[in-house]
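Okay, so chain A shows up in both of these, paired with chain B first and chain C after.
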Partner chain A sequence: MTQRLQLGFVFIIIHMSFGYLLYPKLTYSLTKSGHWGIVLSYGLLQLILIAIYKKGLNYFPQKDMIDIFLTMGRWAAFIFLVPYAINLNALIAMNIRAHAEDIISIFLIRTPYWAVLVLLFLISTYTAIKGLSTILRASAVFFFSINLFVIFVIASSSVNFQLQNALPAWPLSLDFLWNVKFLYLMGFSAILFLGFVPSETNLKFGQLTAAWLYVLFFYLSAVYVPLFIFGQETVTTFVFPMKEAADSVDLSWFVFNRQTLFFGISIIGFNLILNAVKLWMIGQIMQRLFPGRRSKASYWILAFSFISFLFALCVPNKAWIEKLSLMSEGTNVFFTVILPSIIFLYVVFSGRMRSYGET
Partner chain B sequence: MERLNLSKLIFALLSLILLCGCWDIKAINERSLPLVMGISKKNDEKYQVTLTLPVTRVKGKTRIITEKGESVSEVLGQLRSNVEDAIDYSQIRLILIDAPLAANHLEWRKMFHYLMSSKDIPSIALVAITDENIEQMFSKMSKQGLSGTALYDFFNKGAGWAPDVSNTRIWEVYQNLFSYTNDIAVPVVHSSEDTILKFKGSAVLKNGKVTANISPSENQLVRLFQHHHFIRNTENLGFATIFVVNSHLKNKPSITNHIPQVASDLFIKISILERDEGVSNSLVIDELEKRIEKRFNDMFKQTQINKTDIFGFGQLFRTRIPYDDLHSWRDKYYPKLIVNFRVHATME
Partner chain C sequence: MANLVQEMKRTFADHDDFLILDTQFNGAAIYLIGFNTLIDFPKSNFYVRQMAERSASIEELLQNLGEQLDVDAGELKKAVLDGNLVVISENERNAIMQPFPQSLRRNIDEPRNESPIQGPLDAFGEDIDLNIGLIRKRLGTELLCHCSYQVGELVKQRISMLYIRGKVQSALIEKIDRQLKQIERDIETIDDLDKYFGHRKLSPVSHLFVTEVPFQAVHLLKKNRIVLLLENQPFALVFPHLISDMLSTANDRNHPLGLSIMIRTLRVMGVFITLVLPALYVALTTVNPDVLKIDLALFIAESREGIPLTPVLETLTMTVLVDLITEAIVRLPKSVGPTITMVGGIVLGQAMVEAKLVSNLLVIVITLMLIASSVVVGVQNALYIRSLKYPVFILASVFGIVGLISGLAIICIYLASLTSLGIPYMTFRYKGKEDIR
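The block that comes next holds the complex of A and B.
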């Protein structure tokens, strides 16, 4: 039971990490009014994907996603999982690079970005090598402490709220569903992580829905806090809207006069967990697909994290960060849709549905 | 205990290299922390930035440094290299801009784009406009023996700030550059002989363009509509002086045939501080209501001519006008807006 709770915490943390940086900006570029419509349709579509994924996974109570693909055949596992590992690698690189840029603009103005990258990569690689059990144990501390920070930032920002700025409240149309940017938005998802824990010990669908609602509530606040403060017309000019929102609050009554520090600490915390989880996923995939005496998960993690470090190092500025992160999110969408559907279809066509029902 | 693992020990010692301290952080005693920055642009087409640096070694002493350059960012860079201490701009609390520069619409926009995106300068710094020569103003203040924080304290909520002075921050000015439905007032100050500053009123800005100047008493009305702050102040009616204890504003917007209407009711509670003999309560109340209504109506007419929505009425119509048409609020709808402003005063 405690493990389920911890898995829920990790699930929430890795999604919250996505919400802080580029998620609000994409939402603002998709619509001019009624932003909740976008967040909720995003949430609904993700929930459908989660349902399909869980349905497929549940037929293999003791197996995780990699085992399932291996039972389909080694070639299937190679075709789908190796590209996924590479995509994860790109996601890690771009995610850490974007966060490094944000951290620099908050605390370390004169520090070159490679130094921040080294630090972030070292910590997340170390955590990933220690394995999922360590991440799970750390998750509770992170969850509670960082959520307090987040709530603090939201609450103290409320002094600058002008609720009318978010009006009109109704979406103009549903055209955004066909916008390519909405596809990118769907890439802000780490639901595939669920497949890396056998479903016997994993979260049940009801619990997942509860966790997902929590995440959605947070996404709504990440979109609406800058909107309440600045309004749609202004908010589209920012790269990191939530950071600007946190910056607009005068905390001279407090020990720290900039609440952006809290914001910075929270994003670092979220980000470390997210990247550690992703690196761990890569380690799992590669170790199982290339078994051998010398093939250890930790070696793979080290190698991949070094590659993504080099990749992140090559990205020169904010414009490129945005462009490349969107590209990696776009590919991520492909895998988030394909992998669950394949598992589901495999279950249907291999006739396991019936046999599982009989036993 | 097991034998000490040599490779682990070496690794642990190596990590000390990484833990040797902060990156290139300057120690606090090597830093200069300017609190106030003045920006002006004379006819010679160059920006002039003036900073007041508190001298930490001598208590209460400030020094003033000035530099010229093509842009604000360039000057700040030059100052950083010319001063012996490391200048840390992250504590700037007040930015004074001279009136000719503020009147230049394009320069104003450019400057606030920079101030907002700058990593150093906090977006919560206050903005004020002055008619005077900023360098002379600063040196006059330092001769008066006022401490480095005095200028900032004038606007500081925790110190000497009075509610009739508007305080506008960088992010609010920046927001106004884009907003369709809201305008702002930036305080105008000038130096004085005995107090640190005198509040002269506010400059009204429409998307970064100064369209009017308003007096302190008009500024109170702006604050009332913008922030729903009650005006706690004294008002002299000639035959009596009253004190506004509490106030409460109610706006009811409606729109018919593309003509927007607002029914606005201000409820105030007053107490009479002094009065001439034989003046009744109802006379005071009548006179006060008339006075505030007239002040508002005069001012409102003027803003309609300027097409500047300083009261933020547009915010009330964001749901009532289609979003695609909202950008023409100031030009198309605002001049037609009818505001039915009523003041209801009661005795405490």
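The block that comes next holds the complex of A and C.
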């Protein structure tokens, strides 16, 4: 039971981590009115994907995603999972780089970004090497402390809310559904992580829906808090709207000058867990696909984190971060859609084969 | 003189406290053999004489006295070393008897390392049987199991394992049983034993939680834990050691629930303050003065005016100094301790501030931290929390607030990664019977 709860925590944390950075900005660029429409339709789409994924996984109660692909055949595992690992690596690099930029703009204006990168990479790698059980246990502490901060940030920025900024509240058109950028939004999902835990011990669909609703509520707040404060016209010009929103608040009774501090703290927490989970996933994939006496997950994690560190180091500025992030997210969309579908199709196909055999 | 006696004499020729007392029984000589440092000879001799008056023959006397009769020379030697009295008659019959021992044990005393308020005041002593008795007296149930081990290379030392049957997983019991039977070296200290529960070199967190209050040990036994007792150590070693041990004692619940929650919250705050405060001071003075409100930032800047040391050096000096003083006072005899405290207090509190070596604010920070670090339960826990503040401090001096937060994150992750025999250190709901996670 505790493990399920902890899995839920990790699920929520990694989504929140994605949501804090580029999610609001993408949403603003998609529509001028009724932003909730985007968030909710995105939520629904994801939920359908989760349902398909869970359906597929549930046919193999004791196996995780890698095992399932390996039962399909080694070639299938190689074709789908190795590119996925590389994509994950790119995601990590861009994610840490973007977070580093955000952290630097909040706390460490004079510090070179490589120093922050080193710190974040070291901690993430260390956590990933310690394994999933460590991540799960640590995530419980992270979840509660970070959520406190997030709620504090949202609550305190409500002072500056001007509700008319979000008008018109009704979506004027549904064109965003056909926009490529809407698909990019799907890249901010980490549902594939669920496949790495055998479904016997994994979250049930109902629990998963509850966690997903929590995430959606949070996404809504991440989109609407800056919107309420600045309005659509201003918000589209920001790189990190949520940060600006937190920055706008001045609490006279508070010790700290800006409560962006807490926003920054929560970003660090999110980021560490997110990247640790991703690195751990890479480690699992590579170790299982290339079994050998010397093939240890920790070596793979070290190697991949070093590569993504170098990659992140080469990205020069915010414009590039945005461009490359979108590219890696876009590839992630591909995998988020393809991998659950393949597992589901495999189940349907092989199930049908079996029933043909019986009749 | 009998051959056996001669042999014993030869074996223990280098021991000046080895004593052979010969007395007469019905005209025949009997020899009482043992160490006079372990055995109260006059009393034991008197007892033997009394028994002799009631016995008709030597055989009967030996039967009355001894627990074991007619054993070989090797066992006799071992018995002597264990502090027993060996009785040998002229015709080579022998017996091992329980003598009146020299009193080498202190009585049941008050705990020295913990001070329970509003709770039972007896503490474990050095005698392992006495310790087990203290637990048995409180837990009069047939479900309390007791396994005894004799381990060691040079000296066989007794280790006892106690648990409540049905509360601890039998697989765990078997695992510990196997570990304890594997021990080949001498177990002198808690750390020696600790090594057999998995490798944790240089880790500040032990596998075993140390308590010297039987009340606490019994409470933990009921909470599905295992208690190990080492001979000659006035502690109960509780396995597994969980993070909650640092924050709560059984004795808290002698207060109403609300108060005990308050006490525990204070302990959590204490841990947090110890880890954060010095690091926060450095972060706010060196890297991130901008996060503070302007008047606060100015106040801090003002208090540091004219101080030649950098904040990092200043804080490091003070924290190390405070740790030094704490260590010194612990080691010093009670008569010298207060002098050091007084001088240390004056030097730290006044002289350093007046000489403008450290700022006023830092002295407050350090004092707060020192007080906070002593809040947690257990000397060992307080020490490890104190040691963990250094990495956070170093990170904070480089990265400011970011370093502080990542330092805390690292500590959290590190503690989450610790397990002893598969049981994680960071569990708040430890259930013995169910699947352990």
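Convention: the second predicted complex is superposed on the first by the 351 of 359 C-alpha atoms of A that agree within 3 Å, B and C clash if a C-alpha of one lies under 4 Å from a C-alpha of the other, contacts with A are read in each partner's own complex, and residues count from 1 in each chain.
Rule of thumb we're sticking to: contacts are C-beta pairs under 8 Å (C-beta built on N, C-alpha and C of every residue); 3 or more make two chains touch, one makes a residue touch a chain.
From a predicted model like this one, the values you see are computed outputs, not experimental measurements.
*Asks:* Figure out whether A:Thr127 sits in contact with chain B (first) or chain C (second), or with both, or with neither.
*Replies:* second
*Asks:* Examine A:Val141 and indicate which partner it touches, taking first as chain B and second as chain C; both and neither are also allowed.
*Replies:* second
*Asks:* Quick one: is A:Val180 in contact with chain B, with chain C, with both, or with neither? Answer first, second, both or neither.
*Replies:* After superposition on chain A, A:Val180 lies in contact with neither partner.
*Asks:* Which holds for A:Leu108: it touches chain B only (first), chain C only (second), both, or neither?
*Replies:* both
*Asks:* Which of the two partners, first being chain B and second being chain C, lies in contact with A:Gly264: first, second, both, or neither?
*Replies:* second
*Asks:* In the superposed view, which residues of chain A touch chain B and also chain C?
*Replies:* Touching chain B in the first complex and chain C in the second, residues 108, 111, 115, 258 of chain A appear in both lists.
*Asks:* Which residues, counting only chain C, touch chain A once they are in their complex?
*Replies:* Its residues touching chain A are 287-288, 290-294, 296-297, 395, 398-403, 405-406, 409-410, 412-413, 416-417, 424, 426-427, 429, 437.
*Asks:* Applying the document's contact rule, which stretches of chain A touch chain B when the two form their complex?
*Replies:* Per the stated touch rule, the residues are 32-33, 104-105, 108-111, 115, 162, 164-165, 167-169, 172, 229-231, 233-234, 237, 244, 247-250, 252-253, 258.
*Asks:* Considering the complex alone, what residue numbers of chain A touch chain C?
*Replies:* Interface residues on the chain A side: 2-3, 103, 107-108, 111, 115-116, 119-120, 123, 126-127, 130-131, 133-135, 137-138, 141-142, 254-258, 261, 264-265, 268-269, 272.
*Asks:* Could you please specify the touching residues of chain B with respect to chain A in the complex?
*Replies:* Touch residues, chain B against chain A: 23-24, 90, 116, 119-120, 122-124, 156-158, 169, 171, 174-175, 177-180, 182, 315-316, 318-319, 323.
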